[in-house]
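Each in structure tokens, the structures are laid out below.
In what comes next, chain A is part of two complexes: it sits with chain B in the first one and with chain C in the second one.
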Partner chain A sequence: MSDPGENHLNLLLFTVGGVRFGCDSGQVAGIADFTGAAAEDLFWLHEELGFQAPVVAYRSPTIVSIRTEGERPYRVIIDTMEEIGAFSLRDIRLFPALLEPLALQKGLWGILPRGEKMVFLVDFQLLLKMRAKQIDDKWRKEIS
Partner chain B sequence: MASFEKPLKGELILEELKLRQRAKEVVDVEEERVKVIIFTCGRNRYAFYGAEVREFLPNCEISWVPGLPVYLPGLINVRGDIESVIDIRHFLGEEKVGSFAGLIAMAVRDEFHSGVMIDAIKDVVDIPISTIHPPLSTLDGAARDLIIGVIEYGNETISLLDIGKLAAKITL
Partner chain C sequence: MKLTTKFILMNVIILTLAIAITTCFTFARINSEITRQAGITQESILKTFWALLSAKGSNFQVVNGNLLAGGYVVNNNFELPDKVKEMFGGTATIFMGDTRVSTNILKADGTRAIGTKLTGPAYDAVVTEGKPYRGEAMILDASYLTAYDPIKNSKGEVVGALYVGVEKGDFFSAYNSLQTSVILMTAAIAVIFSIVTALLVRKFLSPVIGQVSGITEKINAHADAIALTMDQQSGFATQLSSSVVQISSTMEEFSSTASQIALHSQGVVERADKTLEDSKNGAAEVENLTFKVNDISHNIQTNLGEIVELGRKSKEINKVMEIINNIANQTKLIAFNAALEAASAGEAGKRFGVVAVEIRRLADSVVESTAEIEGKITEILDSVNRLIMSSEKSFQLIQEGQEYASHTVLMLIESVDGVEETTNAARQISLSTQQQQIASSQVVLALKEIEQGVRFSTDSIHQTNSVTGELAELSEQLRAIIIALKLGGSGEGAIVAPAPRVY
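Take a look at the complex of A and B:
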């Protein structure tokens, strides 16, 4: 994430399945249109977040490449990008204590209320960490 | 000659009346009462302790959060504070409805606070604590784990739900 000493965080806001999300733009290494080609390092965000809806429609699927700092490559497909901007840290709320552990398991760490709606802030590097652990566990199982 | 040490008959009667008065006052001391809120949820009525419900919120938009269990439908914004919402029907064995048009009861117990989805408030009553009976030992079903007692309301027996038990079920 951006320097926590700052009072603002640059966020990339987007939607998936009608739900609004945001991520620290500092985690984004690049953005490209999704051409339909599958790849081992490419994941649909609704699957990463555990959407239980049977079908999640994407109007304009877009690939976000995540800065991985030497880890394996990690790219995520999001839907419509809405905005990139600086938001005050004071406007960001934490998840209620009751939900926070579950939210963090899905990489969700905060909420940006915008009028009646809420934007859920996702930490892609946390998702990558969990994804990497899953892959490692699977690999260990296969070789043992 | 009458002895001055022997109490007069009038004094004895007065003393007796005072004793009876005191005994009556003890009986008349009002029984401790507690406020309960009776509400509907699905096909049945239930109650919460009034002290455990901070407020009721109508027309709340619940923001769905991905990846949460079915009994946690999402979050609400209460005057700038983000609160969780619990679908208590899941624990009461009540049928789930498609769109929610009821109220959110803001339940509070010690550190625990969360919205709880209910259909409608039926009544708010003060009842003597002695009229809260233990749950029936034969009580079965999904609601059993949440019930702290039963109360009489008209011709009905209503389950009094314990926010503490709900909190224990939800807390991860």
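Take a look at the complex of A and C:
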């Protein structure tokens, strides 16, 4: 694990549908195996990101519990986890201004180049905000 | 004229002739007897005449133109001829030389026939030859039985003759009367016989003729049928003879062929024996092969079980590996969570984070190792599966081979049985062919005898044909005769024209 100093960020790297993603490990409260049981607070990441592919295969579906400020839970199913480590902020590239609004709409905020491949950085809090209303409605229904 | 009429007439004629012949014979005997009696009588008269003359004198001589018996002058002395006539009737004469000198024969004018001469054969016998003469003679237009004895002197010279004669009519009047009666009676008998015969013929012969006519027609028809049959038999016999000759030739060829077949059959028997032995050896070898294949099959089955067990154990290892993999994944999750906690702990969790990373790396390593192991196990399972499939295929092939081998054994056993049967059959064929050869030779001999018999039969048929032809001709003749009997005529082709026949 790299030094998580001021110039570094701890990232959880994983893949979904063959695309590498990464997220701030601080946004993750825990990781658990996906048993197949559906729940109202459980979402597939490819649905959250709006993958255009009709079918996305998950080899090792894993549930990532996202830290939330309220009582609302938010869990996202990702695929194979690859690494948790500290990465230099200098290595992280933001989207061009032209694309940034569109990327942010999908919860993507930057890119981490790793060799010849790129890791798309996901902001689950941003996704949570976009899902907040839907999640709140479901959650309230369940509570009521 | 009807033949029956002719028959009646012939019968009458025959009867008449028979009666006539019998009568003639009888009359001839009577005539002969009368003639004999007349001769006896004449001899008695002549002896008496001699006795009377000898009583006058036994020395006969001619003296002075007179015939003397002793001293008794005979010339113109009619005592003795008259006495003879008085005693016996008839005529008596004493000749001197050939001249009548004493006689009781009277001329037409009533005078005695003195001086007339003795002529003819009586003269020749008595006067010339000095022998007695007996015979008939016409005296004064009457037939007489005459007897002349020569009168000889003491020297034996004929000096005269003594004659007695009886008129034939005296002896034969009754005979002539009887002859007339017999002729009349014969005629009457003939007439009666004719009538009776005609009646009998009409009553008895006509139906018989009718029956004979019918029988003749039948005989004629049968003769025709026999002729036709014999003609057919002749043709058949000719064909039969030709066929027998052909069959004989064929049977000789057949006998020759049978000899060759017998020879070849013996060769076939020997080859069949060899084949039988080879087949038995082959069956035993194939049976051994079947046992070996069974052993191989058993071994393969055992190996297959072992391989299946290996596959099963490999799968169990796989399950263990899955468990290990799950544990590693869980460990990895735990390591990730620990790393997350370490990251959130900041500097304090740095060392823990390092451990978590190491644990995660170990887990990754385990996962990689288990993946490699899984890969190897998968390869092993694939190999096992291929081996199982190959073994199953081999087992299946061996089973098929086993079935083929068993089938082959069965076939070979059947083949052995078949070859054995073939051997027996070939042996039987050989024996049968030899018997056939013998039988063929016998048949050839029999056919030759049949051919000879057919030839004899043909000759007999020809003879029978000839006889049938003669029978038909006789039948035709008989029919002609019957028709002639019915209708009259000669019966020789005038009424019946015989049907044409081919023999």
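In the analysis below, the second predicted complex is superposed on the first by the 126 of 144 C-alpha atoms of A that agree within 3 Å, B and C clash if a C-alpha of one lies under 4 Å from a C-alpha of the other, contacts with A are read in each partner's own complex, and residues count from 1 in each chain.
Here is the rule we go by: a residue touches a chain if its C-beta (ideal position, glycine included) is under 8 Å from a C-beta of that chain, and two chains touch if they have at least 3 such contacts.
Here the structure is a predicted model, which means the values were calculated and not measured.
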Partners on chain A (chain B, chain C) - clash or fit: fit
More chain A residues in contact - chain B or chain C: B
Partner chain(s) touched by A:Ser60 [first = chain B, second = chain C, both, neither]: second
Touched partner set for A:His8, first chain B, second chain C, both or neither: neither
Chain B versus chain C as contact partner of A:Ile84, first or second or both or neither: second
Touching partner for A:Ala32 - first (chain B), second (chain C), both, neither: second
Contacts of A:Lys129 with chain B and chain C, given as first, second, both or neither: neither
Shortest CA-CA distance in Å separating chain B from chain C in the superposed model: 26
Touching both chain B and chain C, residues of chain A: none
Touching residues on chain A, where the partner in the complex is chain C: 1, 4, 10, 12, 25-26, 28-33, 60, 62, 81, 84-86
For the chain C and chain A complex, residues of the former touching the latter: 329-330, 332-333, 336-337, 339-340, 342-344, 346, 350, 353-354, 356-357, 360
Chain B to chain A touching residues, read off their complex: 61, 63-69, 72, 75, 77, 80-84, 111-114, 170-172
Chain A to chain B touching residues, read off their complex: 19, 46, 49-52, 93-99, 101-103, 105-106, 108, 111, 113, 116-118, 120
